[in-house]
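Here is the structure we will look at, set down as structure tokens.
Chain naming follows the written order as A, B, C, D, E and F, and within any one chain the residues start at number 1.
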Amino acid sequence: MTKRPSGRASDEGRPVSIEPGFARHAEGSALIRVGGTEVLCTASIENKVPPFLRNKGQGWINAEYGMLPRATHQRGHREASKGKQSGRTQEIQRLIARSLRPCVNLKKLGERTITLDCDVLNADGGTRCASITGAWVALSLALRKAKLTSVITSQVAAVSCGLTEAGAVLDLDYIEDSAAQADTNFVLTAEGGIVEIQGTAETSPFQDHDFFELLRLARLGTAKLFEAQNAALETL
Amino acid sequence: MTKRPSGRASDEGRPVSIEPGFARHAEGSALIRVGGTEVLCTASIENKVPPFLRNKGQGWINAEYGMLPRATHQRGHREASKGKQSGRTQEIQRLIARSLRPCVNLKKLGERTITLDCDVLNADGGTRCASITGAWVALSLALRKAKLTSVITSQVAAVSCGLTEAGAVLDLDYIEDSAAQADTNFVLTAEGGIVEIQGTAETSPFQDHDFFELLRLARLGTAKLFEAQNAALETL
Amino acid sequence: MTKRPSGRASDEGRPVSIEPGFARHAEGSALIRVGGTEVLCTASIENKVPPFLRNKGQGWINAEYGMLPRATHQRGHREASKGKQSGRTQEIQRLIARSLRPCVNLKKLGERTITLDCDVLNADGGTRCASITGAWVALSLALRKAKLTSVITSQVAAVSCGLTEAGAVLDLDYIEDSAAQADTNFVLTAEGGIVEIQGTAETSPFQDHDFFELLRLARLGTAKLFEAQNAALETL
Amino acid sequence: MTKRPSGRASDEGRPVSIEPGFARHAEGSALIRVGGTEVLCTASIENKVPPFLRNKGQGWINAEYGMLPRATHQRGHREASKGKQSGRTQEIQRLIARSLRPCVNLKKLGERTITLDCDVLNADGGTRCASITGAWVALSLALRKAKLTSVITSQVAAVSCGLTEAGAVLDLDYIEDSAAQADTNFVLTAEGGIVEIQGTAETSPFQDHDFFELLRLARLGTAKLFEAQNAALETL
Amino acid sequence: MTKRPSGRASDEGRPVSIEPGFARHAEGSALIRVGGTEVLCTASIENKVPPFLRNKGQGWINAEYGMLPRATHQRGHREASKGKQSGRTQEIQRLIARSLRPCVNLKKLGERTITLDCDVLNADGGTRCASITGAWVALSLALRKAKLTSVITSQVAAVSCGLTEAGAVLDLDYIEDSAAQADTNFVLTAEGGIVEIQGTAETSPFQDHDFFELLRLARLGTAKLFEAQNAALETL
Amino acid sequence: MTKRPSGRASDEGRPVSIEPGFARHAEGSALIRVGGTEVLCTASIENKVPPFLRNKGQGWINAEYGMLPRATHQRGHREASKGKQSGRTQEIQRLIARSLRPCVNLKKLGERTITLDCDVLNADGGTRCASITGAWVALSLALRKAKLTSVITSQVAAVSCGLTEAGAVLDLDYIEDSAAQADTNFVLTAEGGIVEIQGTAETSPFQDHDFFELLRLARLGTAKLFEAQNAALETL
């Protein structure tokens, strides 16, 4: 079996750092770096809910995702200029929102909407997972500021694992991701629960035991991410 | 534990029927019915590839998904009239394409693009899974007509399973889906492989063992779907 | 004079069948087949009116038209994906609404909006006429269900006639339509009235007497369509 | 029977004037005034054809229609600002193109596209008919300038007639149009042919003999318009 | 130093004429001609304000700008058909609104919105300046009609000046504009104030003294424009 | 005369820092901070030119501008999600491109396009000026990397000045900007030239001598910015 391009061990994630408060105006924000991937996450609280929730006595969590045009090796189109968000962008922002919603008691949140904006400044694989991990910090800071810490019910973080030429590995970077046989994103809770799983066979179907191994690696990876989240929350 | 709204056993899928050739002009087509869900799937072959694949000697598989405005209890917006596809639509059509692509040898397909159109005529839960299962039949018929049957490498079908008040159950209908704690879509191959897994905790995180049980049910469910696919292919 | 491609007599329409209730959730629906053309028509009733009619004590009738991408010989663009409806689509859906509106007593309908969706599943010429004929059935069923049958003031059906190499003929199919010198759509009432006429010289101007002959054929054609509509209404 | 709001006789059109060459840069142009309706029509010739006609040795005629926001009693939305053309606009511009195309020998035109732009500066009913009548002058001037006069095969003009409280009348103005029982647009040739007929029952179906009377009035009306067109062509 | 293409002296503007009341339905309108440039300006008054001004007891001034497709040497895209306004259009319409707003006492205007529509019928350079100059007349007429003349606080007009091969010159036409080293638009008041300055180095930076000379020329140019505005207001 | 809200002297700009190389994949990049305003500027070089410049042996410079939704006090709409760029965004990105283009010898650049992306991470007034100042650094770095340093002909920087309650002041922050009587942006060269001037009277017209004072302040302000640009270029 070949080595990983980065030389990392198969169960070794990339270095993680989370800088809280980067966006000065947001109720909560975090600039998360996972290896060469860098995402600015902000949480904005508004005292209203979308039409379908009006007068139901509960809140809502939305997410929007974007990538700066030159976050990537080759400049990508600016979606605002093209006039629409790509399917990939929409898929990711729906995932972010779905991942954070079950971590909050929406009833207790009351008629408020929290919007999570995740904007990728530099991309090197795993941007959707970094977004979720950073968004949880931004969300927590915003709720702390609003004295609503108690509405948080779970701590979540996300990591991608995949089947590559080096076998099942933790936390794919861009090179690994673009050549993987399978790519799986796990959104897990610190309490051991599963919030979201997205697994895709890129080139050929994979097996149940492969999948279980990827889940095992993901548990290792998110354990480190929970530590980084907690450290960031203590900074501010 | 309560009973399922439909009275079905927890490992009992809905009746399935697949009518091949419904769309007279398409190279391949199938009208699939899974309980009250009805999807018209067509496969169109063109002798060209998208720009990013030009001169690479391989083919491509695209998918588009739509729902007739009155396929649902309440009339939904017509996306063509609104001027854009919803995030949900884009997420589903990306899933359909990702699910079918690993089942075809794209090199052997040559510089051709196959577009799978899945249009929901009547909706009662599970429309994305029915789309994948029906699209595989449409794809197979189109490849048979083009004398390219040998490019198919796997048989795939999809089914949703979920955690409900009746426990872990197979093949959610609309009522179950809208109240489930967790909803999981499995795209599996007849050979026992996994092509795609999408699992979402709707209200609260779920556990590893729940997930393994849902996967077990999905294997039971797709076994019946493979039979229905094979029967449809023999009809025409 | 040459024969028609289909071998039909010049005053011979295509076989018609109308299956009521195809769309299970709609207040009224009909799947109409005219030769190889197949259109799913639904009628949805809402207890509100568009802004320009608010507090005027009358109702409104809207229509939307679409064609599945592979209803045609070559796959067409999906309008939802392209982000806009073509001029042809908009012209047709405006025609459908204009054709049905004079058949209903809008005052008596009260502050309700009925939306007619006509989606072409298979196309072989005459899709706008089949849409109108089918939409009248869907509309009637929806009004019957709402116990508002008395608001219907006329029975309408539509048929296209044209000048072809075989002379003036009734109910053009796709082959005839694409080569016709003139193409005329007639929306007529069972009581002998005219609701809408659209006549177009495709290649060169035509004469008054040609036009009168086309109108005569249209009366023959719609007579059969009224029978098919009535038969469908008796089924359900 | 009541009198017309304008006091005109039922077979009396409004005063018409056509000012050729209003748009200085266009190959051909005409500012047409029909009563209070004023439309600037230009014809632009390009030495290329749309993709579907490439290498077929024939030309094409396109039309675009617009209304200045304050051409009407109340300011309308600017379609450029709203981001899309209304269905009405699209229906009208398709009509204009269909009306002019059969008046030109497209084969003889060669691989050229003529675009007719019709922009309403002031509106008082009948803008689509004035557009067609003026566009024919702009088209003729452009072809004359390009020494292609011989490709014109017919002279066309258009007028609306309708059933009003004053009976069947010629050339509806805005007040008549907004209250008519039926509104019919006739595009006729100087040689006595029919190019396009669009008849709509606005409030209730109308009868064959009504329609024949409207056609008779339209012949009277277009006779005057042909004179005005010829006079304009002689000016320049 | 070379002569100007038009033979004009460096401080000589083009002939100006302003025809008030061209648009019959608008509260105020003016057709302004500056050399070969011709713009139809209308002012529409509505008794409401945009959301951000509600209940603030003040009014607002908006502007929209457009160019007919064949106002130019080569036919341009119709923005309504393309589905969006160009950046140039948006920049110009924002400039027009900014230029007129400080000339009106918005508090005294009360909760009204005045929309200025400037549509270029023929273009030969300086369309944004002609739009501002004409819009002031349309605005004044509309306010006069509404008996609100007293809300006007300044008279404004606009002219472009530039550095060309003939040195610093007043009122660039299209030929001069397309080859200028620098192009500057001045919006000035009759009382000697500055409302807006936009100066752009097209090919290479320019110097302070150049700029002061351009401002001097602009004062000469706007003096003539103020006369033309006043003459137009006296006509009606 | 009152003091400035920030306590700064009227000719005192805010602290400036420029961090080169922030965007790892871009050919050139700079993160510029001017007081509380923070903009990430990148320069991307492509070996092609837009259609209108093909085969003319020269290059081109484009710019795109964006603001992260939560760069501001209140969350703004994400333009990508709304489906279009605001007029303000388009006006600014056009200004950035116009400001940088005259600083480069486009002929010598050859058939290359440089795209400058300026994305505001935190906003506190003056974002367009900071974008221009930062973009010049990103551009210089990209050209240095491509060994094309000699195509740069001028060093430019931009600063806003305005008339406020504290008189004419240099480098407005958000609080000053939102209440200024006049707001002027100056794009100046290190050699003493003017590249672009945009001056706007917000509430009432201003005088020539005011304008000259604002220009004097701008020269002081840009002198500091040129130093910061040079320091940044020496870092990397």
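Going forward, a residue touches a chain if its C-beta (ideal position, glycine included) is under 8 Å from a C-beta of that chain, and two chains touch if they have at least 3 such contacts.
These numbers come from a predicted model, not from an experiment.
A.B. asks: Identify the chains adjacent to both subunit B and subunit C in the sense defined at the top.
C.D. replies: Touching subunit B and subunit C alike: no chains returned.
A.B. asks: Note the shortest touch-path length, in steps, from subunit A to subunit D.
C.D. replies: Graph distance in the chain contact network comes out at 3.
A.B. asks: Report the chain whose CA-based centre is farthest from the CA-based centre of subunit B.
C.D. replies: Result for max centroid distance from subunit B is chain E.
A.B. asks: Distance from the CA centroid of subunit E to that of subunit F, rounded to the nearest Å?
C.D. replies: 27
A.B. asks: How many Å are there between the centre of subunit B and the centre of subunit E, using C-alpha atoms for each centre?
C.D. replies: 58
A.B. asks: Determine the centre-to-centre distance between subunit D and subunit E, using the mean Cα coordinates as centres, and give it in whole Å.
C.D. replies: The answer is 33 Å.
A.B. asks: At which residue positions does subunit C touch at least two other chains?
C.D. replies: 83-84
A.B. asks: Are the chains arranged, by touching, as a line, ring, star, complete graph, or other?
C.D. replies: If you draw each chain as a dot and join those that touch, you get a single closed ring.
A.B. asks: Could you read off the chains around the ring in order, subunit A leading and subunit B following?
C.D. replies: Following the ring from subunit A in the direction of subunit B gives A, B, C, D, E, F.
A.B. asks: Under the touch definition given earlier, write down the residues of subunit F that touch subunit E in their complex.
C.D. replies: For this pair, the touching residues of subunit F are 84, 87-88, 90-91, 93-94, 98, 102, 153-154, 184, 189, 191-208, 211, 215.
A.B. asks: Would you pull the subunit E residues touching subunit D in the complex into a rising list?
C.D. replies: Of all residues in subunit E, those touching subunit D are 22-26, 29, 36, 40, 42, 44, 46, 64, 66, 68-73, 75, 78-81, 83-85, 89, 115, 117, 119, 121-123.
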